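Should a chain be cited, it is by its letter among A, B, C and D, assigned in written order, with residues numbered from 1 in that chain.
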């Protein structure tokens, strides 16, 4: 009655849609797939009077910097990871094998090898020995999501093989029984899977019945399904894979305020200016040459837009927003934030400095231009999957992530109106064009949403 | 991609071991069984960009003041409750019936009548229509817990009938399928069930296999099992039932600091002094006549010890502790906290005021007294279930909750050593004896735990 | 050594530049001129183990809702105020007279009547009796500021008389001795005085030497100086005076999140839409018809722009910003905030709803138009004092506060470019024009600052 | 109107009664005498949109670890310090001389050499050039306090000389004029001065009139006064002086929770157990051999009781209390906190582990023993100044700070009752005796306060 008991908490990192877990019993705790800003796990464990003794990694993450090494250093915990071919084998962990077990009071964690998404993928099955041997649940990493399964496009030359491996792994997971809860490493919005449910709780039984990827009649059909999928692989994945092989560097504590950079002389020319304010703030006025990457878009697009070798200077609406942006950047490995601009845009302009605005146009404007404009391009920067569900006639498609490398395909003398689903990604695209010498750029605010609403009238 | 999505969060009230839930999709949210300090649900919903439109009650709570009315007033939400005979029917809610449905974006809530614990008990089944008709999970209230089922002792004259009703309700729940997650209204430590698991996540499938109460071979065996159980019913349950029939009063906001009461003249004689500090603080020195009820014990024992008609004055180690104590008291309906003592005990003593200490004795002391002492009683205040698992020979058992009404059975001239599992409840008991004229009282610190450890040596 | 001791803390309300104080000794505390969201004083006092027993008002505030009544209700404190003619006499306080004294441990507060700014103005002299009778400092209200003195334009028909009264009061204050610290009711940025220093700490001695208003050779010269001053009196002052005569209503707690208003149908037409986002956010895109009043401008301009009888709907960039805005509005008496818009502007536009942008122009644009444009007006909305220090040739001056009542003087068919010092007030002006049927409006971002920087080149 | 302005904020470190300051204008800020946990200065400066460019040290601190080096590393600020003879000269700062000036917008800081307390003592005079050349105030370090002046006992062989130097320095400070505010480095409760006022605000004028140390008729009388004073010098001062000569190590961030130490085997024998709970908690039950040092007593007594070479294990009532204790320990250089005990004392006892209590006795008990007891000693551990103001007949005086080195003067077979002003320091003393083999020890709770109250009756 006076005991702290058993616990399991999910820690969600917005933007990355990354899910991690901390749980424990009897005073000892474990963490599954910690993120880089990892103090939160220790805080949760200690608030429950538990000590973290194990960090379980389901695989080598490619979309974020793992916090395992930092967390182990902080707590003395052991890190557990699956085996992999040389070169992909993480250097900082103990290798675990099928059937290995770990105890935490009445809880027991059992290792299941579930390759396919990566060769080193493990799932961790949870048992409560006070009640019985049947699995309570399973940490599935990127093998099985809620509403989807892991992507298998990381080894193009072994495409069929790894899709098949994933099929086999999924059978293993289904064998745990309908009663088992599942706790995956990602939720909806992740770049690690396309059709994830927004719902963040499910069971083996529910997924068996309703997960579209588990409805294929046989192994071959499943492999064909996987081969037909399309995924984007941002260039920053390679940096993450390397960081997570040697062991991610601990993240500088984000509570420390960012230094203020009062004078452009301190950074102009030698740093990329990243405007993390809201989309409309950027449209209203921004520092010429800056890139629009609102905080919520950092996880999705910083890895496409920003160079790891460049210093970054932030333009933010508040200290809180700057700190949050720096945290999101650090989660995907961008540590070279030199500071943030010391002024608001009105104050900046009142110092006699140059600023730039971007016009926001609406569906009526776009409709009018479609008929009339000549040297005008409606540039759609959504994903290919979104475009397939419907696009505006006459628009040109370049996925936002690919735009930095494909700028030379576009005629800088033309007039461009960028669009996406609402205008947020379109503004990122517009900022990229403007920073690269395009002169005549505006944004379709409301974008495909507004267009469809207009058609519904 | 730029959408807030679907969510379900559990809100746990420590002490009461009360579990409540807030979830939603598509901008509209629901709450299941809100507690009295109910702003947290609105804060969670708003942080997800959702608006609370429905409050679902699984039954009329008897162990805490419901926050439904206050939450509805704050948000404009509708309150949904099950039907009951006149006199038990709540006055502030819409009555729901088997099969009624409510939509929240892609989520759908379906009503299941599951009487037994109370006549008005409902369960709420959750579906995700984007994926399929199979239930995702179910809010089971006090019908089905993790590791146990609801108590059925509230209608002694209908004992067999209601146990049978609960059996039928449980069959209905099992029919939802092994894949369904379960979200009950209480976790381990609740007075609403004895054998609850410490684990706070489970499924219909797991409970079907491992919940002891679901292993009985048939309806009759289940009824016999329930009739053989023993439960305590604190006197405050009646006040809660009344409050939750007419609709709980909103709780005064706990952020407001409690007034300081500097002079005993302001309260001595007219208020009960409740010492919410840790057990050892009370043992070290306390205000004569005060009752020891550490913050973590308020949910369990305030309802046995404190009179709703009495003003309360708190003795706390810090402002934070006083505020936390006031919140816990308010959750079970104690709103008459007049303030807190303005000094620490050393400062109190340095003002020349009287104080009292209680000696802490250990297992060796107790063992020695057992042989020697005559007019000495070792008073065990644990539950009958704990006593049945083992007690010290020669000890006298009076359950702590029953002690206030049974003080006259004890000889005030004797020497008492109180004991429980660790010493926390024993100190509550000692404070009660001392406040009622007993002179010679000490506490067995470590209690049954220390005794067993000594035997193991 | 184990004692909490003596304390004095300043509480500053940004925007209003309002300064209030909480101090105490020996367990009893006082507050001088509390603001409406008054819990902070009690929190400070309690963190020091003190109880608030007195609230001292230096005068009936005209620029904010006093928190005295709410604070007295919360703590049981007495409210002390100066006497005034019937009709202006506050109804909720004890009247204090010259020489009245109040004790707080070793501290002593002595009343000084210091009329001039208002008839009821009191100053409160602080003594530390442990050390000697010389004043330690004085709470000067709106009689003596750091770098300026109170305005005396509230009784136009008695202008000379009240300026003379203030002169006499200031002599009284100077008589307290050079060693006395001064603690006024306002700092730089207040509408209650023009030339306030940005420095928030000073002494009688320093002000005697350096306060420009104290350098006049004699009483007559001082009166002439005061008669020559220019002050704006926002229309909301009248409402504040009334509220503070009968006793300001306690403020609804701001921790409660604002309700979300998802559908314009819930409010369009029946409420004023107030966009409290940053200036550039408004320029980028806003709800047609909304007024731009960034959070930091609420204290200065809500009282000119908003009607107390109208419901308000906020457009904010985050929940935090909406809450902060609601708090600032409540401080000046606007309690009718119905909620905040549930979406960001991109999402709003993606729902097919109308939005509007405002172009930001720079100094080069303005310079060009000056020569060329015909039906174009450069509208300068700064104060008359700012304009006197320099304006752009050909600009037309209407003070922002006066603009709502002078719209009919302007030709709605013309093209307007609004300007101020940086562009923030200019955007408020632009929003007002656009909401009132003007079609062709843009904003000179950088405004006078940018213009001067351009001239310096 | 849209500008952040000028600011000056005091940062107070409770326990040490250390006062530090952060101020600035025009975007650049300075800090005076930062403490070791120095992030707060940067947070304040940044919240005001200022960047810290200078750290001013008034002297080499002997009672705490300076945060200058850490703050300079974090912000790039320059550190300014006074010159001193080799060996005492700090190694990390620029040397400043009388008359050196530093600008921050309209603010100007001018250096004044004010030796006496130490040879390197500087004062920093603040001017506001917008208003005039007269000093606004002065940062006086340990030269001039409110109600007292600095101690001059650090160079016993030069006692007269340094007292004379301080006299001259004080004349220099008085010459700044009555209007100047003073901002010293310590408030009441500091070990750096005896008669400090509890009031934390004053002026040169007020101190000239009322500071007892400034009332001596001439230099010689002042020197005699200083030679007659008595001060304790805790042994940890030497460690602080060394740390602050080479530059204090940055403090590990205190937000990181302390590791839990579940098993005594992890630390018993190799670490000092420090019980930072409240006094009554320790009296009620504690780990045998542990020292009682409540959080509020760490600044005053850790330096006398704890060895820098020993690892420390904390016993705390909560995670927050443990973290606060670790912060206080780090401020005086104790970085070897290995963790905190994982259990409450009831749980500790329930594991069968040994615990100990200390009886609290009252004035009646003490009075009775005085007449009767033989081998009994009433041990008064207050300062010599407190004892001179009154002591209990027959008590034996050993200052608490000296007790660790004077234990051998006491007869371990006797019965000791420890006392101080209230019982808090008495409990520290009792814990020290018990940890060193004394068997028969209790505490006079209420101590001198209770004794006097008894006499008043």
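What we mean here is this: contacts are C-beta pairs under 8 Å (C-beta built on N, C-alpha and C of every residue); 3 or more make two chains touch, one makes a residue touch a chain.
Only a predicted model underlies this, so the values are computations on that prediction, with no experimental measurement involved.
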From subunit C, the most remote chain by mean C-alpha position: B
Selected pair, greater C-beta contact count between C-D and B-D: B-D
Cα-centroid distance, subunit B relative to subunit D, in whole angstrom: 44
Whole-Å gap between the CA centroids of subunit C and subunit D: 40
Sequence positions of subunit B contacting 2 or more other chains: 2, 346-347, 421-422, 424
Subunit D - residues contacting subunit C, complex: 1-2, 5-8, 25, 106-107, 128, 130-132, 134, 136-137, 147, 177-181, 188-189, 197-206, 208-211, 296, 300, 421-422, 424
In the complex with subunit D, residue positions of subunit A that touch it: 2, 27, 39, 42-43, 46-47, 49-51, 74-76, 253, 255-257, 259-260, 262, 319, 342, 346-347
Interfacial residue positions of subunit D with respect to subunit B in the complex: 277-286, 317, 320, 344-355, 357-360, 362-363, 421-424, 445-450, 452-454, 456-457
